[in-house]
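Can you read through this structure? Questions will come right after.
Order of writing sets the labels: A, B, C and D. Residues in every chain begin at 1.
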């Protein structure tokens, strides 16, 4: 079970802790000795001398269950790996899992239960923005700590949330720069499902295209969630002849969108299409043959060729079956427990305020994340790289471009 | 189109067509106050359609229906009822799960608006009127009984009672004795003879014996038109009527 | 006093039933449940408003609305708009490009509060709007449909379509509505923090009293002549019409009343849950609320409350322990209620308790009247009118 | 629209016309089964969408089996899967009628609730058997891509296929209902159940087969839709409102009405989608239908009857 990746992470965490202890304190205890509970837990969290409780809050039922399954599995994998290495501050992590049931009030209620009744030290969970927005007031009121894995629209920075996915500018700008440079793209057609994430993302994309790249947006279109008729939209696109189709269509519509594109003769050979809503998870439904040649912009792809990722993919498949696929959010969810571990150990305490303060130092970093090196920014988001990858028939994507580390900027000036 | 008359009901040149088929065709008919008129005719002659037209259930294609010189064709059903026209349906149409008393109470012509019905009180006056009508229709002992448990004939009576309580000036009865025993028919005949005092009654009936007992005047309808009209004797001996009834 | 006893409590039977549910909601739950569970019950009870309204509308009126979520949502959004404006004072929104407007508007480049939001700065207006806007909306729909004698299945499908339209609109117009996330992060009501433990208790009790109030209003309507007319209309619409009643007015009224009740539920939902989102407006919640009423008994106001509590309790328990089974169970419940218990829990209770009582009273001879009444209840619920009378004209 | 050549505009016009036609065939195929069941029997089948999903999953299963065992057959399996979809959905419909629907003929509103329950159960079955993810059958080569009559015109092959299939199914339904003896029985039963029973028509069997036929056609629709959209456990619920609107708008008792209504809704929607943004087009289309239905509750076509 103990793979190279986890070894690496462990080594790194220890290094961090040792460095911190050396720098900050005279009392240098042995690394493995668990500090007394009274010291590491002053706010009445569920921490004993040998265990610490955390919550996992995803939808196990309902329409979102399928998307959230991967995230939840990755979080469990990370926690198991941490426990195998001896836990955090000498304490094993115990999981209390709750079902958000794809129902937003349920997320709020279960958050409250986890924080008030179970007194968990941290919660890993939520997937959709709506569920996070519903749970957020609870976390702020009860002063809990949430690790949120999904790439999202930004415009948020809560004291009580660590965002392990990319905010919109991170994901969008680099991809647009690439396509403008590499494909000489000047005209763009934006299409998305009609809700907040695509709309915010498209807004950022439009500003960037018009103000930075000097291109033009020749069409912008939002389809209701679940809609499956794209005939007219495809004709509009054809009329406008954009250099690039920039897409953020989600769910069942996504499948219809790509099938109908292909049927209309718009394929990867003839047309550049960049999407920010297709990960390996979605490809299973869309079918690789319908996506062939199109590009996705994400921070992580399962095919990433580095030793951290190879180990992670192997461990994940051992735990959850060889047919399982790993998408961007799954990987981001995997980072949550590791980031928490690093912050707790840096703070030397499970107290939420201390962990958050430690996280805001700007020096919590993971060298061994499957996506590569990441660092926590004081604004609670991660520095990360953005990648453009081209899909092939087998449902895997080949990375064609990798950016430098991008600073997270949830409230981008000039993009609002 | 038509002039002022003394009739309670004056139907003139009434026509209704369903997709080209004229169920009632240029019908004119006049009913006097205190008159009990019976309409007979073979199946499909348009008898029930005429009642539907008068009470507003079906809208006329052309022609006029005047009730006490008020045009009915452009009124809605409840307005026609409030003007004083009551109608009993072919199959007894009562509220089976309410008691006889409640059936009559609902038909009592007070509290007919939304808020009136919310504020409606069962006063002594209401109760007295209900008992009076119940006695008329031979149901004074069954007031608390659930209507579903009445015999078929009693249901017919109850529906007549529900009209009587509104004290209409024109009462239209579609086959009032269908399914009644001989004794019940006799009682009904008496009832009808009693209630046509002070109002007009229009009856559709097949039972010739019964018709003979009650009718002041008979109208024979055939293919939406009047074939014959007059006293029972006259109509019965009319060769055209005989032909229609016996076949060609 | 007799007015109160007969008209509101519905006589001895009704008074006992009401006392039991009041005891349960007002005393038993608050004493035995922790705040977390009590809060859940409070949320369920907001759905019970809709279930109670459906008893009037569907059980008695025979009008099946598959769009009660519309009114629940309008009420909920009305309250949410007021709370959001209060939470968006210039001080707490100073990081926005336009401080003083709700955050989601700022994200959507709206720089001024839209005109239809402005009145919601007033609490008085909001309370008025929560009641009148849904009623007005119901009046428009009801007027258009009932005057043209649309009923039964057609009414159900059209209300369902309207629920869908409203959802798509709310999601699509996110700058004005908060989109799919809804209106979130609501904090205070006229300065009173609605998230405190104590306020949660207070809101629970307000909610409970309002619900019982709705039941009393429903009782009054049903015991009046109006109630008997509703039943009469459901079974013999033509007869009622030909007794001189304008049937459509009665239907419009009961539809508006049901809309208002649902809206109160929605407003209380927002207060207790702390946000409102389009997922409580659409087709699925609307039809689920019908099943709450059906399980409790479509002919029983109090039954609807029990039905709501029971189904939601089941949903919580089963989705926690056996998530896969839940949909099977829910589906099975729909079928079983319709097929075998058309009058739901209340029907079962009535059947057995009455039979038992009358057996005891008559020394074993179960009264014919009682059995007959039960039988006729059965048949009458089967005879729901589905015709569009417009077609028959 | 300056800046476009005459030829381009012509091409767009052709393709947009086809998009409307394509949506029309989709709506009609969805609504046909429902129109038969609702129009002829007065039964509301809220699980109609799930029967479409049955057809889609049947296609998916056949595709997987063919791909695994007889890959050489991939080009032809789709035709068989349509037949299989019809049979599977039809048989399930047959049993549903037998076990549930027939007890509820006199209670249409209750049928609506009960079939909603059925749809929940079917959704969970799909989820348990096929998983919650969207699935896609592998389509044969001849169904992918487009037909290019000129350089600038692309006509989607799957759209053409659905159009042809719809024409065929509609023709078959019309033959069955209006030319065959069986159709006569169905129509007789619709008009007068008692009388039909009296003259020796087995009305129960007529009901059951009509229901099964409606479900079977839903199955065909589901199979056809795998070419243009996705299949997931909740796919069916996406279509149900649209489908009902088509049937109700057309006038319940008229198959011609269903065709006319599918046509007008599809044209309205595809034209609005072309000139407006997607969401508003949807809202406006639905709103127009609702308003028209309020003004004219009997729908586009209705039979005036004398009662």
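We take it that a residue touches a chain if its C-beta (ideal position, glycine included) is under 8 Å from a C-beta of that chain, and two chains touch if they have at least 3 such contacts.
Predicted model, so just to flag it, every value in this text is computed and none were measured.
Engineer: Looking at the contacts, which chains touch chain A and chain C alike?
Structural biologist: Under the touch definition, chain A and chain C have D as mutual neighbours.
Engineer: Let me spell it out: compute each chain's centre from its C-alpha atoms, then which one is farthest from chain D's centre?
Structural biologist: Between chain D and the rest, the longest centre separation is with B.
Engineer: Write down the chain pair with more C-beta contact pairs when B-C is set against C-D.
Structural biologist: When the contacts at B-C and C-D are counted, C-D has more.
Engineer: Most central chain by CA mean?
Structural biologist: So the chain sitting closest to the middle is C.
Engineer: Averaging only over C-alpha atoms, locate the centres of chain B and chain D and give their separation in whole Å.
Structural biologist: Each chain's C-alpha centroid was found; their separation is 48 Å.
Engineer: Centroid from C-alpha atoms only, then distance chain B to chain C, rounded to Å. What do you get?
Structural biologist: Averaging C-alpha atoms per chain gives centres 42 Å apart.
Engineer: Whole-Å distance, chain A centre to chain B centre, using C-alpha means?
Structural biologist: Centre-to-centre distance between chain A and chain B: 77 Å.
Engineer: From the C-alpha centre of chain C to that of chain D, how far is it in Å?
Structural biologist: 33
Engineer: Where in chain C do residues touch two or more other chains at once?
Structural biologist: 168, 171-172, 324, in rising order.
Engineer: Name the residues of chain B that each touch 2 or more other chains.
Structural biologist: If we look for residues of chain B contacting two or more partner chains, we find 58.
Engineer: Of all residues in chain D, which are in touch with two or more distinct other chains?
Structural biologist: If we look for residues of chain D contacting two or more partner chains, we find 279, 282, 305, 307.
Engineer: Using the touch definition from the top, list the residues of chain D that touch chain C in their complex.
Structural biologist: The touching residues are 42, 44, 100, 103-104, 106-114, 116-124, 127-128, 237, 241, 244-245, 248, 279-280, 282-283, 286-287, 289-290, 293-295, 297-298, 302-303, 305, 307.
Engineer: Note which residues of chain C are touching chain A in the complex, please.
Structural biologist: 34-36, 39-40, 43, 95, 97, 103-104, 106-109, 168, 171-172, 174, 179-182, 184-187, 195, 273-275, 277, 279, 319-320, 323-324, 326
Engineer: Which residues of chain A touch chain D in their complex?
Structural biologist: Of all residues in chain A, those touching chain D are 63, 65-66, 69, 194, 220-224, 226-229, 231-236, 238-239, 252, 254-256, 259-260, 262-266, 281, 284-287, 289-290.
Engineer: Under the touch definition given earlier, write down the residues of chain C that touch chain D in their complex.
Structural biologist: 58, 62, 64, 144-145, 148-150, 152-154, 156-158, 160-162, 164-165, 168-169, 171-172, 283, 287, 290-291, 294, 324, 327-328, 330-335, 337-339, 342, 381-384, 386, 388, 390-392
Engineer: Looking at the complex, which residues from chain B come into contact with chain C?
Structural biologist: Residue list for chain B touching chain C: 55, 57-59, 76-78, 81-82, 86-87, 89, 93-98, 102, 105-107, 109, 111-114, 117-120, 146, 148-149, 162, 166.
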